[in-house]
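Two complexes come next, and they have one chain in common, chain A, joined by chain B in the first and chain C in the second.
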Partner chain A sequence: MSVAPVAVTAIAPRRAAVDRVAWLALPGVAYLAVGFAVPLALLLVTSVTRDGRLSVAGYAQFLADPFSWTVILNTLRVAFLTTVVCLLAGYPVAFALARARGPLQGVLLAALILPLSVGVVVKAFAWTILLRTDGLVNRALLVSGLVDTPLRLLFTEPGLVLGAANVFLPFMVLPVFSVVKLIDPRLTEAAATLGAGPLRRFVRVTLPLTMPGVIAGVAFVFSMSVSMYVIPTLLMGDRFKTLSILVARSFLFMRDRSLGSTVSVVLLAIAIAVVVTSALLARRWQPER
Partner chain B sequence: MGRAVGQGDGRLSYLHVRGVAKSFRDTPVIQDLDLEVRAGEFVSLLGPSGCGKTTLLRIIAGLLAADRGRVTLDGADITRVPAHKRNVGVVFQSYALFPHLTVAENVAFGLRAHGVSAGEIAATVARVLALVRLTDYGPRSIGVLSGGQQQRIAVARALAVKPKLLLLDEPLSALDRKLRETMRIELGHLLHDLGITAIFVTHDQDEALVMSDRIAVMNRGRIEQFDTPAAIYARPATPFVLDFVGMSTRLSGTVVAADGDAMVVETAAGRVRARGQAAVGAAVLVAVRPEHLRIGVGGDNAVSLKVRDRVFLGSKLLVHFEAPGADQIVAELPPEGAAESAPGEPVTVRWSIDATLVYSAP
Partner chain C sequence: MPLERATLVVVWTVTALVVLALLAPLVVTLVVSLSASSVFNLPPPALSFRWYERTLTLRELWPAVRLSVALALVSTAVSLVLGTLCAIALTRASFPGKTTLTTFMVSPLMMPGLVVGVALLSMLRELGLRDAWASLLIGHVVITLPYVTRTVLASLSLFDFTLIDAARTLGYSPARALVKVMVPVLAPAFLTSGLFAFLASLDNYPISIFLVDARNKTLPTLMLQYLEENPDPTIAAISSGLIVFTIVVLLVADRLVGLRRLAEF
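Showing the complex of A and B:
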């Protein structure tokens, strides 16, 4: 009899502590449930309903149409290229940012984050000005003598990728930066003293250690650029179709809720696949503790 | 002592640092420093933090470029050779083990970089892991190892590539005291047995005294004294070395008489005789190690002092005496031989002239 109360008190407070902390998630969960999960569920239901009955005819129809595949490929290609550009441009920036000391780091971080407050519409418009036939980029190219006639940049896919990468760059830089700044700089020095040249140090030490940040950044940028709407609309116009543009047209212009829901779910499936894959990869790269 | 030419010859300088200087933003950290280390020697760089010892280590490793001066290793000028081509091993204070690799992969890292065959890598990894007594730890990940085990893996990793020179940057400072004392002996034995030339950076005088063949005591970017542990302790070259290594009684005073190779110094505690030549009137610092002090009359030097306190340390007894100004007087006595030294008691303290160190006043 004397043992039992001890055992109870030993276990009870711990269980209570876990429960109490878990309640902190309640506001967030409630908000997401009302603001996100319910509308999403409605969307899902709509996508598998035809004339009040359960049916996958919407998906069959959508996936049987070659045009749909063009749209899906457009979306994936632009998202992929945007992610690659962000990675190539952002990865070195993250290192410079991590290396910067004192106030300089603060200034650089502000320079990276402040543009986010400008808004996508403004930035996309700014890019239309830059990429116009008589825009800054073309004028610079003409003056430098690299081209004889202005290049067509606006309303082209490279222009779109460039503009989108510019908008999403911080979402690549910040996760990589947060990982880089935690890496002991002695690690690459140790690799050097063991006989590893610059390339081997990067491939065998720096890159693997920054992979968690790279995966997070890629997941961010890819899921954002796969679903972007404003940037392609402004930089490419109506001719170029991505899944987001198709969703918007279905709901807003064609008033086809069924098609809109179906395309939305396809888009969502892609996004989920990216997030799940990156989570699995991130676990694979996490050193054991 | 053979005088055969080669790496085993203890007389030849194996590592030669000549006139090296380094400043960070106009603050000199290393100033025109010279250091010669023989093959197979275990040398400690001993000094307080900020004395430039780690900077010197990084310059020798090639991780930092000196502003001036040259570094020669085994006859080759390596001043401009990048770190990865020097084959100078480093054990870092933080160990700097690769967290994404296993123990065996960490040890194999340098061998892979040198293009060693897979079979030879496996054999070498097994051999060095056995050397640090962590044979079965190969497949483990770094994060699950204790501090002492990580330290040994860091040593094994550095040794695996057979470096020409091994540099150790305070490798024991992250360990707790008991383990540090064990590892001090163990690491010292291991490196001595391998006959590897090693430079060991530390701010811990006990570590330096226990492990080294020679100690370079550093202060403000210069080497104040470079000698065997016994010589450093018995004959500190400067007041700094005296102060940094071991305890001492220090009395400042003025030379009042000079007589051949001896002088008489007037201090606040009384007149003290010391060996050496100095002009009458010169300000000097007289010092003596605590174990040379005895209680009772007789001897070359004898002063009457009041006991301030007694610190019993088991095998010995430290007695502090009242001393004027910034001077300090401390005696180390056998515990049974100090019955008369109760606090507040005036006693006579004596020591020999040969144990008396004298420096011109700093």
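Showing the complex of A and C:
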């Protein structure tokens, strides 16, 4: 008697079981296929159809209009600035969160998770009060001596970026925190022992180790800022046009399905580009294990 | 070392400012809701509950609250079932394209909600479905499902499946072994993802705006409509209600799984 046949019978049913397990994904995958992928594919088809025929006239018209480029640039600029503010403010906070112990860490976590859990309509509404000329932001600026006269912030782009960055900040801090807390402090100590200065230690050791978190945070914040609708509607009003606002207006008010689907696909393309780029970058920065 | 001390000062100054900026909107909303004045000036001239009393007279508000809560509960429940099954398959089975499928399953989180809403509306109208409740439910599961799949998947990837074999060796039936061993391990993931799925559905505006009708409005769509029509502190009272509700839910979740766990949403 050899051991081999026993091993084979032990492995064979397990293989079959593993393959059967894959079917468990079917209901969820089918759901998102029908409720998410197919509608988006149909929208894409609508955007390249005119009078029942294949046509890219919708895109040609949209991209030939200088107004469209203003809208695209508005969208990308606000999203970029919001992401930069989130990164600059969020990166240090992730370190503070990882360093803090006991009740202080609890307070910091609560200060991130509570605003994250409160709805965006509530927060955007609150920012319309905070950004008023006699609002708290202006009072803080006056008290600190940074400005002499109150700034107009509501219905301006800096106000929008400030409000949006505030709403999305937890989505930057938490992914960065999730990698910062895993960094072995002995690594920077080792670098110090080897004679690396603080700046060099940060650039060569800490920054590369936090890159996966930074990529995830940037991708989150950028994709949310590109497609935000409630925040610019309340903080900027109707005159400011972004791709999202144009999508909503063309379907809800103008009833222009052709323009709406074209703008939707442009916005979708940007979102997909963000996802793909971040996935590629994440692979490149994956820590070797 | 002066540079390191300077870094620490910067880190903690930024953190203090960020905490203030994150909590300011919530505090301001609560204060304004208790103000007797109808303009949003701070500090309030006098305190009053008049804006809370006014919410009782808004005829559309309470049906909207009921609709939003019901939608959030049902879509979370559906997502917990579908998402968990999916997560088990994605950890246990090996098949080609698994990574792509995983990305696909969480991708609704990164796609523009308005576009998903518009696309879904067009398809459902083509199919002849005009019922707002059903349309909203279909749309909300699209956004709640990725929360569950992602969190349960992360939790399962750390799970030691030989524990189930061990339970079976000890005489449990396969189904019982699965329930007895896996459910307690996954409970925190169910709670965390269920919580964020529920809150995401309760807060959703971009998909809902296309699927609501005149008689079925969700709370966020109604709130934005109020804000555009007559912005008075009644909206602050409604918002404060939501903030207090969120605080209570988070306190319970903190007791059950801890804040650190919630941070891994």
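By our rule, the second predicted complex is superposed on the first by the 257 of 289 C-alpha atoms of A that agree within 3 Å, B and C clash if a C-alpha of one lies under 4 Å from a C-alpha of the other, contacts with A are read in each partner's own complex, and residues count from 1 in each chain.
In the analysis below, a residue touches a chain if its C-beta (ideal position, glycine included) is under 8 Å from a C-beta of that chain, and two chains touch if they have at least 3 such contacts.
All values derive from a computational prediction rather than experimental measurement.
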In the overlaid three-chain picture, which partner chain does A:Gly195 touch, first (chain B) or second (chain C), both, or neither? first
Is A:Pro208 touching the first partner chain B, the second partner chain C, both, or neither of them? first
Larger contact residue set on chain A - chain B or chain C: C
Which partner chains sit in contact with A:Val143 here, chain B, chain C, both or neither? Use first/second/both/neither. neither
Quick one: is A:Leu268 in contact with chain B, with chain C, with both, or with neither? Answer first, second, both or neither. second
Who does A:Trp285 touch here: chain B (first), chain C (second), both, or neither? first
Mind sorting out which residues of chain A both chain B and chain C touch, each in its own complex? 198
What residues on chain B touch chain A, complex-wise? 61-63, 82-90, 92, 94, 96-100, 109-110, 112-114, 141-144, 157-158, 161
Chain B contact footprint on chain A (complex, rising order): 184, 186-187, 189-198, 200-201, 204-205, 208-209, 285, 287-289
Can you check the complex and tell me which residues of chain C touch chain A? 1, 3-4, 7, 10-12, 14-15, 17-19, 21-26, 28-29, 32, 40-42, 82-83, 85-86, 88-90, 92-95, 101, 103-105, 107-108, 110-116, 118-123, 126, 138-139, 141-142, 145, 149, 195-196, 199, 202-203, 205-206, 209-210, 220, 223-224, 227, 231, 235-236, 239, 242-243, 246-247, 249-250, 259-260, 262-265
Residue ranges of chain A in contact with chain C within the complex: 18-19, 21-29, 31-32, 35-40, 42-43, 46, 89-90, 92-93, 95-97, 106-123, 125-130, 132, 134-136, 166, 169-170, 173-174, 177-178, 198-199, 219-220, 223, 226-227, 229-230, 233-234, 244, 247-248, 251-252, 257, 260-261, 264, 267-268, 271-272, 274-275, 279
